[in-house]
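You will see chain A twice below: alongside chain B first, and alongside chain C after that.
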Partner chain A sequence: MSAIALPARSARRIGPTGVVMLLLLPIALVNAVGFLWPVVNLLRMSFKETQATGALIDTVSTATWATVLSDSFTLDLIANSVGVSLFITLLTLVASYPIALYLHRSTGLWRTILLVLVIAPLLTSAVVRTYGWIAILSSQGLIANALLFLGITPPRLMFNLTGVVIGLTEILMPYMILALLSGFGRLDPRFEEAALTLGATPWKTFWRVVVPLTAPGMALGCLLCFVLAISSFVTPKLLSGGRVFLLATEIYDQAIVTLNWPVAATLSMIVLVLFGAALALYTRALRRIA
Partner chain B sequence: MTHELKFGAVKRNTVKLGAAALALGLLTQAAAAESTVTLMAYSGLFQERYTKAVVEPFMKAHPDIKVTYFPVNSSAAMLGNLRAQKAAPQADVVIMDVSVSKAGTDESLFTKIDEANAPNVKDLYPTARIPDVAGVAVTFDNLVMLYNSDAVKEAPKSWMAMADKTYQGKVVIPGMPDIQGLSLVIILNKANGGTDYLKDVSKGIAAMVEIAPNIQTWEPKPEVYAPIVTGQASVGAGWNARAQVNNQTSGGKLKATIPQEGTVFQINTINLIANGPGGDAAKTFVNYALGPEAQKAFTESMFYAPTNAKAPISQDALDRTAVKFMDKVIPVDWIALAKVRDAIGEQWRRRVVPASR
Partner chain C sequence: MIRTAPDEMAGLKQGEGFLSLRGLTRRYGPFVAVDDFNLDVAKGELVAFLGPSGCGKTTSLRMIAGLVPSSSGHIVVNGREITEVPPYRRDMGLVFQSYALFPHMDVARNVAFGLEMRKVAKADAAARVREAIAMVRLTGKEHHRPSELSGGQQQRVALARALVVRPSILLLDEPLSNLDAKLRDEMRNEIRDIQKRLGITAIFVTHDQMEALTICDKVVVMNHGRLEQVGTPLEIYEHPKTAFVAGFVGRINRLAGTASGGIAEAAGVKVAAPGFTGPVEVMVRPHRIVLSAGAAPAGGDLHQLSGTVARATFAGDILEYEVEAGGVLMKTEAATRGGETVHAPGTPVTLSWRPQDTFVYTAS
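On to the complex of A and B.
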């Protein structure tokens, strides 16, 4: 901050650290205004209260926190959200890993085409893609009709947890693939060749050479997908049919339908804490891998 | 001759100048007297119909007042806007659900509407004046049972038809915290012998538990009407006004009925925002919106029941509202209900939703 207030004549005296600080200043300001300030506001909101009619009371009290934390439903929500998000992250990893590995090994025009195909879904909004899944998964949709044609009674594929898992897994796959690819830098094909020459089976080569070398990419992809899964709201809202209780959809209901802003803010702060925990776990995992 | 020509030219110029001056004068006069009223109300179908039926005729009758419609998709989001603008309001009038306007009243966001600032208030039905709410009712709506006329040939007689095995996976109800789910709990609570919904709704919850296994979704999107029109669902619960419009636009595919257990009213209030920029023009608009002409036009356009007892509404439109079925309307005190809504929601979450899994 003070760097900006200094008169121009002292510009020469700014050392390398000063230059770094100066260059960091714009983004720090953007983050302060665009991220920090809203979070502080949210924190402040969680210490307000509402009257029974929904009217906001401008006080500082821990009443809302006490209610939220003592409600067993909150614990259900947290457990459910974390569990579902972890499961989706795992599925995304399993589904994306082979694609990323193949992409990493392909070259030239083919690689470009495949990359464009991977990135293309990101250019479409999650709402549109979720509606696409509704068309596929509904009781009169593609899969149900195909199963009926084969003489199988189709199970319920959406408006439940199954739908949320399918939809979110597909929607998060591009992020996972890109994160994996960015972490595959250390994977030199010569290592695999060496392993194979030294008599390792392809399976052993994969487990002992490829997986350890790609672990940082996996950690990054998992962190990204977990955070996106637990905070995603549109897809669960459209595909859960109101049967799955998740933190993000509950925050929406509290803020927009029930009008209890302090509760919504408190739940949002809990999500932020979960993000922090995920980040801490990631850092630890990375240290162990690297 | 030259003189004459000159004179002619001068005359023509004078006429032109005069006309221009006159036009300019009119324009500046209009600009000087014109005030703007910003109306915050529901987006979508409501905006489209309300603009045609009320806003445009109002502006025609009051050329000096311009009404800007600021669409918002829910009452709660409107309150959010008003809270954010409390120091410097950007809107003058807001149309929102009664329980939300109670919250707004308690936060001192509104100026009380009465006979003094809106004389048409005197002609409103008694139920249109809600104690401890600054605004007054501008539309009445009611819960109806919706059905797809291809899948269901005869109008269902009871709400409990939704528990019928034939409708497995074909029932759509906007579940709690939406007030449509809440309304259904109250109707079924009374039908099953419940006496005071403010104290105990266990009988209504038990009835919902019977319906729950048939539910396709508790969150029909974009609204409950679309899946019934397309046949993706066969029966459901929704609001009458939108159901009637969907009945017309779908060529009768979607039909609505009030079952024997009855229905409840949903109330939209019109509210004057305290210190809005429009000043007295806002009061003129509120008075017009409550007047017989606007009430008639909007009821005939979107089939909300009128709140003005003197609105001369056509029989055809009245038949599509709950006015004929007043004996079937269960009185609900939405303000008192708001206080127990969380507790009812808790039972819904613990008992009704699990029964639908």
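On to the complex of A and C.
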């Protein structure tokens, strides 16, 4: 008996907590070097200033923060970005929900095929997909030509907010569908059947049973898509034609074009704060759902 | 889906029962899960669907509830054809094999759900919910989530949820299968009491023959999607129509034999078998057999078979024997009265039973 017990004991010399710590060490290191250090750098940068000539002043001051937060342009920019991202998130949710529900209920080979179709766009770069949308939405594009053929003057679909919303919604849909699917675990057709036998119409069953049971998936999908939308850069840049001002594109302009690094850093920190707010909202929503 | 023309079913609408099933059939591809099911259930009756696993009990129940479309056949409730009516307009309560309580609602809201859907006034609904929860003895647990309840408690919530709307028909799909023996007994009688008190017509699906025999007015025995026999528990037990029913409800001994001229002979025993010819199965229940030591006494009109004891089992309140006789092992059992001798293996014995306790079926 003791001969069996002894090796087990010696194997546990490090203890379970120790093993967990050891396994977490690599990722912790990667995070420290690849995430924490740059963020600290950014934070430090946001407390520097630039001269009128554009030269960087190495000080510690809140001047940049004060300018950014009192400038009505940047305040509008923040409000606009949040609003557009929320709208895109909502649109993505509405467009993805039926697909996710259908996928959740399908089985066998058909389900595999559908899943591959959902994931396939993720294997293509967002840049390529955005160019695809340009081909469809531009004034010489697919939709415009089709409408012209029908004798309708096509509305402007690109180089404005419409184009950005359409493009980002499509690009974010796979993430939303996968997040929804991962949160549909509690949804059992038996609950819907129970509701039906209790006299609930399919419509009532959907709102009273299906929606509440899928709420965790919706919350996760919305968090993910909001974060991705507000930080997305390539698609808004290409589809807005510089006419739509969003946080990510503005940060790029400040950092690369204007070379005003403190402002870019300050705006980046604001995005980070928005992420934090979204995450807090998500955890609160999740606690209310559960 | 094949449906009979309307004029063809005009005569069917005057079903004899409150609930009538006419030729109800469900196919899954070439497989027939439920085959030509005909049944009449009177108002206030408790009917058991009894059969082995996979015989189509759940499928039948789900067709009645409207959750599975039938391939053909009709369902008539109170003279009204409801075959095409969606489940939410059928006014039936269904207690699922797995309870299916809404995990995002507490007990009170689960029970109130059906009333809410029927737009019952708030105050009235609250009173009825309280009453239903009290009826299943769960007062005090109103604000627990299903996940915080034991299996038996969840089962009672499912029952309350189905009963509170006072459905015209209550369907119970093996509602006691997850309970321990004691709770099972209690709940069985509780369901029976509630059903009788409220005068609800109910169908109780089970594969436990005890459950079916003890609480139900009528038992429907099913096998391979087909209805084998419908009758009162007494009829089913004492006059099983088929070899399957005889074997499934209660324990039985089987002897292979052949019949000709109205007499069947099995293991040397001649029994009356009017109307049978060819290979038959002769059956007799273990506790209807009297075992006596030694050679056969002149038994009058009793059927008799002699053999030797292969095994004796003293189980406290009953004494069981396995006797090697006529080339098979015959089981017997008798209630112990105290003082009887337990015959050792090898003892020559005689088995005797009354002709009316003998069942004869064509061998399958």
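Criterion: the second predicted complex is superposed on the first by the 276 of 290 C-alpha atoms of A that agree within 3 Å, B and C clash if a C-alpha of one lies under 4 Å from a C-alpha of the other, contacts with A are read in each partner's own complex, and residues count from 1 in each chain.
Keep in mind that, in the parts below, a residue touches a chain if its C-beta (ideal position, glycine included) is under 8 Å from a C-beta of that chain, and two chains touch if they have at least 3 such contacts.
Source: prediction; values computed, not measured.
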Touched partner set for A:Arg243, first chain B, second chain C, both or neither: first
Chain B versus chain C as contact partner of A:Thr197, first or second or both or neither: second
Partner chain in contact with A:Asp253 - chain B first, chain C second, else both or neither: first
Partner chain in contact with A:Ala55 - chain B first, chain C second, else both or neither: first
Touching partner for A:Leu213 - first (chain B), second (chain C), both, neither: second
Touched partner set for A:Arg186, first chain B, second chain C, both or neither: second
Parts of chain A lying in touch with chain B, wherever the complex brings them together: 51-56, 73, 138-140, 156, 159-160, 237-238, 240-243, 245, 253, 255-259
Chain A partner contacts - residues on chain C that touch it in the complex: 65-67, 86-94, 96, 98, 100-104, 113-114, 117-118, 161-162, 165
Chain C-touching residues of chain A, taken from the complex the two chains share: 186, 188, 190-191, 193-202, 204-205, 208-209, 212-213, 289
Residue numbers on chain B that touch chain A, as the complex places them: 74, 76-77, 79, 83, 99-100, 102-104, 106-107, 169, 175, 177-178, 215-219, 221, 232, 335, 338-339, 341-342, 345-346, 349, 353, 356-357
